[in-house]
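Next come two complexes, and both contain chain A; in the first it sits with chain B, in the second with chain C.
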Partner chain A sequence: MHWSRDELGDITIRRCFYVSEFAQEREQQDARFKKMDQFILDLKQEKFNGSYDLAYKVINHLRKLISQTRWAHAKELMGVIRKEGKQLVAAQPSEYVIGNMVRRVLKIVREEYVRLLGKSEEFANTESLHKMLTSAETEDEKYMKSLKELKTTVMEAVSEYIDEMDASIHNIAAQAIEHIHSNEVILTIGKSRTVEAFLKQAAKKRKFHVIVVEGAPLYHGHELAASLAAHNIETTIITDSAVFAMMSRVNKVIIGTHSVLANGGLKAVSGAHIVAQAAYQHAVPLIVLGAMFKLCLLHYSDIGGSEATFNRLASPHRVLDYYKAGSQDLCNVQVYCPTFDYVPPELVTLFISNIGGNAPSYMYRLLSEMYHPNDHEL
Partner chain B sequence: MQSADVGDPSKANKAVKKSVKKERRKEKISNKGDSSKSQQQQSVQQFDGAVAPKSKAELRAERRAKQEAERAAKTLKKEEQAKSNKAKGPQVSANLQVDDPKVQKKAAKKLEKQQVPQRTEGHKKVTLFSHLHQYERSVSITKDIGFGSTGIHPAIIKLGLQYAEGIITGSNARCAALMNAVCQLIADYETPPQKELARHLESKLKPAISFLNQCRPLSVSMGSAIKYMKIKITKIPSDMSDDKAKQELISDLQAFVHVNITLAKQAISNSACSKISDGDVVMIYGSSSLIIHVLNAAFKTGRNFRVVVVDGRPKLSGIRALRHLCRAGIKCSYVLISAVSYIMPEVTKVFLGAHGLLSNGYVMGSVGTSLVSMAAKARGVPVIVCCEAYKFCERVQTDSFVNNEIGDPRDLLATDGSSSGPLIKEDAYKNLDSLKVLHLTYDVTPPQYMAMVVTELGMLPCTSVPVVLRVRSFDT
Partner chain C sequence: MAPKKKTKEGNLQQENILEAVVIADSFNVRFYPVTAKRPRCLFPLANKPLLSYTLEFLARCGVKHIFVYCCHCAEQIKDYLAQSKWSKPSSPCQVTTIVSCDFTSVGDVLRDIDQKSLFESDFLLVPGDVVSNAQLKDALNEHKVRREKDRNIPLMTLVLHSSSPTHQSRTVESDIVIASNAVTNRVLHYHKIADNERKVQFPLGIFQSKEGRIEIRYDLSDTGIWVCSPQVPQLFTDNFDYQTQLDFIKGILINEEFLGNQIHMHVVQEHYCSRVYNFHTYDVVSHDVIFRWTYPFVPEIHFDDDYSMHHGANGSLSTIGYTSSYSLLRHNVYLHNTCLLGQNSIVQDNVVIGNGSKIGNRCYISNSVIGDGCCIEDDCIIENSYLWSNVTVKSKSKIHSSFVCDDVSIHEGVVLSAGCILCDKVLVGPSIELESKIIHKNGDDKTMGIVADKQSFDTSLVGENGEGYIWHKDVDVEADNDRALSKALWGLSLHDHNKQKLTADSSEESNSENDISSAGEESDFQEESEEDAFDDLSNFEKEVKESLQRGYEEKVQCDNLVLEVNSSKYAYNMSMRDVIQTIAKSLLEIAAAQSMDATSYFATLKEVLLHFLPLLCNYNKTASSQLDYLYALEEYAVSHVNFANSLIKVFMLLYEKDVLSEEVILHWNSKPGNYKDVITSQEIRRKVEKFIQWLVEAEEEDSDE
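Take a look at the complex of A and B:
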């Protein structure tokens, strides 16, 4: 088909006309979506610095969302949050903190709605047979009453939760003195900000010795050891291979974790499983430190295909660098560099979170306090 | 002597008694005199008399006390000597008593006598291992060595440097290199006039071994070889000519290497091969010449299996194993030890090499062996240790602390080349007083994690080590 110069010119002018009509609206939408998109982009590119940072960013993002979007009642608000939450989780599926934060906000919304309606909180939570049979509100009608104060109360509750999160490291560290006595030898692996604060707090009053496992191939242990030694805590760095050899002298193993799974198991740094096993063999208690927002609803088998999204394989050049691997001999070698490890709950002795110490068998109960069962599927 | 002792006091007593009697007679005579004079005299004499018999009795008592004390001391000494003669059983070596200054002084004197240079201890020591040497690789140990005829043989010096720099690693390689160097030493050896070959050669060997010990602590395989050497040297008949003796000695030592390393390797490969079946995924840790040989032999018989090589810092010896296996055409994977739990679900068998087997059934291997066997046992994966019989030793150890080799801590820190990166730099390490770095070389695995040990004498449980040692000691 041949287009004459005039015809072409006509079409482009018409196109420009249509574009300009919708341009303004689109600009407004764009401005709003730009901020959301930017955040999603940041998530995809992993522009965050650890789980605290990420949790903080997500919940602030959700707070902005609540304040800036228009919604009529609680159900619509939850729909908005859910939609955004799905996008965020899809952007970074290996970070469960995102899903945790979204579900926590949904639970906050539900709680505030129920409280404003004047009913007690337990009523909203329990699903008694009587309630199920004689409930006046069906699932569709629930949460649809329009309440003026809902927005402010939800914003307040979310801010409260953010404050609680900010104080979580401090709350965990305040329990340090209960668990560490004088002249103890404590083993830790990798670098966890919670563990660092915990040990530094205990070192203010007690003298003890810390053995840090370096945690190849990322060697986070070196950073932690340097930081602890700068605080005059007696620190020794050992390689991962020496863990079993040293375990007979260790009194406690204290580690941080990336997430806590629903059965009480851990998704921790690579190498944590063998440390946990060695501790179990020597009957050394394993204490895990983590704030409550790290507790997630997923089980080990839930995480699609277990190895698919559970573990992240980092670049293998950290294990076998390019020069060595590129040589004729070694070009067909499969090199693995996993970043996470699954630690089953039987190996964990105690969880210390900002609300206190718990056994791993109790963790599933805490889930029901933090997340509503209807929110398990976003 | 005792009779003389008995005689002396009695004679002394008699003499004292006589003198006392004389004085009493003098007193009586003087007392019969004038009162005043006698008083004075009496007083004087009484004074004298009061002191004199006392002094005599005192002297007697003193002498008696002295003699009894001497007698007691002599009996004590004899008891102690008898005790020390009895208790010359297992003695703790000076290498395990670095925190005892007296023992170290003695050891230093011994090294000086042998003209062997001594290494300086490192600055920052890990207190848990203060009973072991903790050196830092600073200046070469051979800097001040002379090449005089009374010094150490150049082949030994070369060997020592190769050990210290990590050019020769692995217990079999170290043992074979040692035998080689000693054969050279024996070949170049000339008995000085009026001295016996057997005795003088041993005195030549002692400084050589001390020097090698200073370069790098002796391995179990080397210890075994040295024992064999010493036995062979003492068994040389005194009427044999020097040349013939030297020849026989050299051939004996070469036979030791041939039988205990080369032939044993083949025997172990044959039996261990039967444990690898088609479709197996075999995990190995680090680099053991014996295990590589076993895997190559199994691959040559046509079995279809693949290997997972687990490696540990800072030596990263697994890369050597990886090269050998890849050249043979075996499919390999490579992970660091922190990823052992990740890869363990795929693994069907674990083959480990050993540095030495202890008498209580514990296996001494490169650090990390215990971790791999524990992880395997937890998943029900069988662990098979392959070890030649000459590496069995009489030592007993229950943990990895009492006897170990502490390497240079700077191996774990950042190398000079890399300026950025997570590893701590050397300057930072020196400045932080509270920071210590531990570089362990060996660790000890309890026997419950291991299914069996494959030796050239057959497949044994780990606890059969003392039986084998007994059998072998009857053979030699």
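Take a look at the complex of A and C:
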């Protein structure tokens, strides 16, 4: 065969182009994975500031994953999200918000898929015996159709959800007026951004007194008290041990939470259980503030067996200085610094989220709306 | 290179990459013979290699490129790094290994860095055995700020950790005193306290500077972490005699005046930071990990490779290993999800049990770390011990305060206690007791070139089925400083050591150097036992005798001798009775040594006794002590006929000089002791009969009047 010079050149150039394109793609992919792993590393190193920040970071990460990875259909996408989700959860097993975000995104993918197929949303949600028997598609075929618009609609829905999260603190704070009345005495523990916003919102219209429990050994209560006092709210700081003594004059206890378990129990800052018990003893209502993304599928019994996943035992240096702790007379003393408390649902009066107030016994219902049952196990 | 003004972002990123050098070799033999075939930095600490803690700590500090210098067992370190997450594309930082067997010290490593000119900007120098959760951000920033002010003078920043002087983590090896400027944190004097040193001297010049306050601190321990300017390797090249970090620091501080280099320090207070540099610190740091001081580097949080982020070639994520993870139970018990615990086995406090280990029935485990794949049979007791991987312990064995390396088999009914160290692949038992023994099985080519068959093992020492040799400390250790330090083997903190030092010090005045070190070495290892008490008595006797001997020869005032004897008494915790008997014996022995023959014996003895009269009076104030003294004399007399013959004269002398009262002598006479040697107590009494009669008569005369 005879190739003209031009043609030969053309082929070489094209090949070069392919090669370079391939290399570029690989490089991009490598860079991308590096970035993603950087995120996992950040998670491990606790480079996040509170659970809201964490949720925001996780969902943004997942959004990038959806847009940057190649997938043919919803099932593959869900596989990708699941795999990444597993790693994220393993990086910080005690932060349930990560799992929540992953499940939430999976649910969004399912919803969008069903919507694009033109079926009602309810169809996707409810699992009934009748449907299981009559359903034409098997589990394998489900979500296998490739839909062009899926990527854009999923991205849109995720962005929408992010907006919803953005507004959650504001939505919760907006309900403050309904719960805090004039001249009431409110007790809170530690520092929660939601509680802070809630109290400040109420202070715009009402005058009330806040008692802040300091929350040793982290003493985040001090920060909250300073912030409230700067906002002209009458504030008192008490030690953790004084909770019971002070409870008799308190009208309401308002606390934030790290996450809400499926039974309506709380995983909250250590010391919250004492506060809840004291409130229960004095028949003071206990109001818990938390956005919907803090709601998780776990039951206390699922995790109670292992303190590693439920509680986080931090380094004891806040309780006892290592400077002293290693000396001869103290070397056999065990020092613990648990970060969380479990508050059983019986002690919680009301749970206020961005969609309104609910009793803890209603949590299971909200959960079934938020997450798809097939995603319970990642 | 000092960072320029932050103008361009791209430029800035290029320059701000933080790099670190990990020296994965200790250049000493503290852990020998365990380190014979294994580098120290791959020791499992709570079942994860020590090096992974160091690298993880650096990654956490934001280090992007780590150079690992290895020397001893370099292949193992390379292999480990090659299969670990650090060499995967997902690794948070780039890890480069540099291998050379020519390095013999830290100085060599730094000279090599200079030769390769690896660094143009500040870097971290870290030993491969650091365990820390500190953020060095502050130290780095401080260093940077200082360097911005003046580019050449601030040379490096030492990272130190504060801990109280009685802290467990402090050992003889890290006993330092630092004088620094409290305002600028500049190190003015750095002194490592030697073993028997009691005084520390500071150059006067440091107190005469006009700027700021001077702090002298004894609550710091060196973490071995340096924030170095790029000039540091150059200085090592210029001064080719620098071997260790200490040489360098001293050199810089001494030459500070005319070279203008300065060393600063940064004290880590909030966070944990320790090194593993001998058996004792291995013990302490392991405990700290279990007690969660190193959080988040604790057993149940995966930071090691168990949980690896693996990417396939096509970019899809491959499966993740969830198989290995620990769960934390109460009282700091970390159980691996795959380990098996038998019925009625008790796992008390502070225990880590590794992957796939099996514990039999009715075992008791506390304060211990059990590695991966261990098999422990029924009715075993394991306390304060470290078992590495694949250790087999047969039933009814007891392991206390011991250190058991990989693939060791312990047969039925073996009792290990008080700092036993069993090296790789050793077999011991059955039914044998080992205390403070180091057993190894290195087919050491020089000493035993032949293939070791079963016959060549000393079965009386390691048991019938045992395989291994007892390792004696002095055989392999080079004759330098290491020798003195190698005795600090197992379970000896600075605090303990100081207690011992006190004892040794008081003996220093009268004892020769040799004796101190031998006594110290012996008492280092053993728990308090009867043997020890016996040793104490003989040591005490020796000391007192030497004090008195010197006192006699140099005609020292008796008051001073009393003080000396008393200090020895407290040092060895002796009773008054022991003291009196010792003195009595010593004086007689001195006299015996002085006198040439039997005839002049009493003359010398009299001289000696008269010289020590104030001392004798001092100790023989009460009747009971006089009685003790008499019995001591009697004890000596039964074995020395010479003395027995002159005993009557001695009694007379002491009676006249009011050392002994007549009641006591009479009392002594009425109750003869049970001594029997050359002559009996009865014979002694017969020899002094005349004196007694005289006494009785004198008394009667007294009463008659």
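In this text, the second predicted complex is superposed on the first by the 343 of 378 C-alpha atoms of A that agree within 3 Å, B and C clash if a C-alpha of one lies under 4 Å from a C-alpha of the other, contacts with A are read in each partner's own complex, and residues count from 1 in each chain.
Rule of thumb we're sticking to: a contact is a pair of C-beta atoms (placed from the backbone, for glycine too) under 8 Å apart; a residue touches a chain by one contact, two chains touch by 3 or more.
Note that this is a predicted model, so its numbers are computed, not measured.
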{"item": "Which of chain B and chain C A:Q334 touches, first, second, both or neither", "value": "both"}
{"item": "Which of chain B and chain C A:K324 touches, first, second, both or neither", "value": "both"}
{"item": "First, second, both or neither for A:Y219, with chain B first and chain C second", "value": "first"}
{"item": "First, second, both or neither for A:G271, with chain B first and chain C second", "value": "first"}
{"item": "First, second, both or neither for A:K83, with chain B first and chain C second", "value": "second"}
{"item": "Superposition-derived comparison: chain B or chain C, residues of chain A touched", "value": "B"}
{"item": "Partner chain in contact with A:S241 - chain B first, chain C second, else both or neither", "value": "first"}
{"item": "Touching partner for A:N49 - first (chain B), second (chain C), both, neither", "value": "neither"}
{"item": "Intersection of the chain A residues that touch chain B with those that touch chain C", "value": "324, 334-335, 337"}
{"item": "Residue ranges of chain A touching chain C (in the complex, touch as defined)", "value": "29-30, 33-34, 37-38, 40-41, 44-46, 80, 83-84, 86-87, 90, 306-309, 313-317, 322-328, 331, 334-335, 337"}
{"item": "Complex contacts: residues of chain C adjacent to chain A", "value": "59-60, 89-90, 92, 133, 162-164, 166-169, 219, 269-272, 284, 288, 291-296, 300-303, 307, 309, 311, 315, 317, 320, 322, 326-332, 349-350, 493, 495"}
{"item": "Of all residues in chain A, those that touch chain B in their complex", "value": "214-220, 222-223, 225-226, 228-230, 232-246, 248-249, 270-271, 273-274, 277-278, 281, 311, 319-320, 324, 329-330, 332-338, 341-342"}
{"item": "List of chain B residues in touch with chain A within their complex", "value": "126, 128, 312-314, 319, 322-323, 326-327, 331-343, 366-368, 370-371, 374-375, 378, 399-401, 412, 421-424, 428, 432-440, 443-444"}
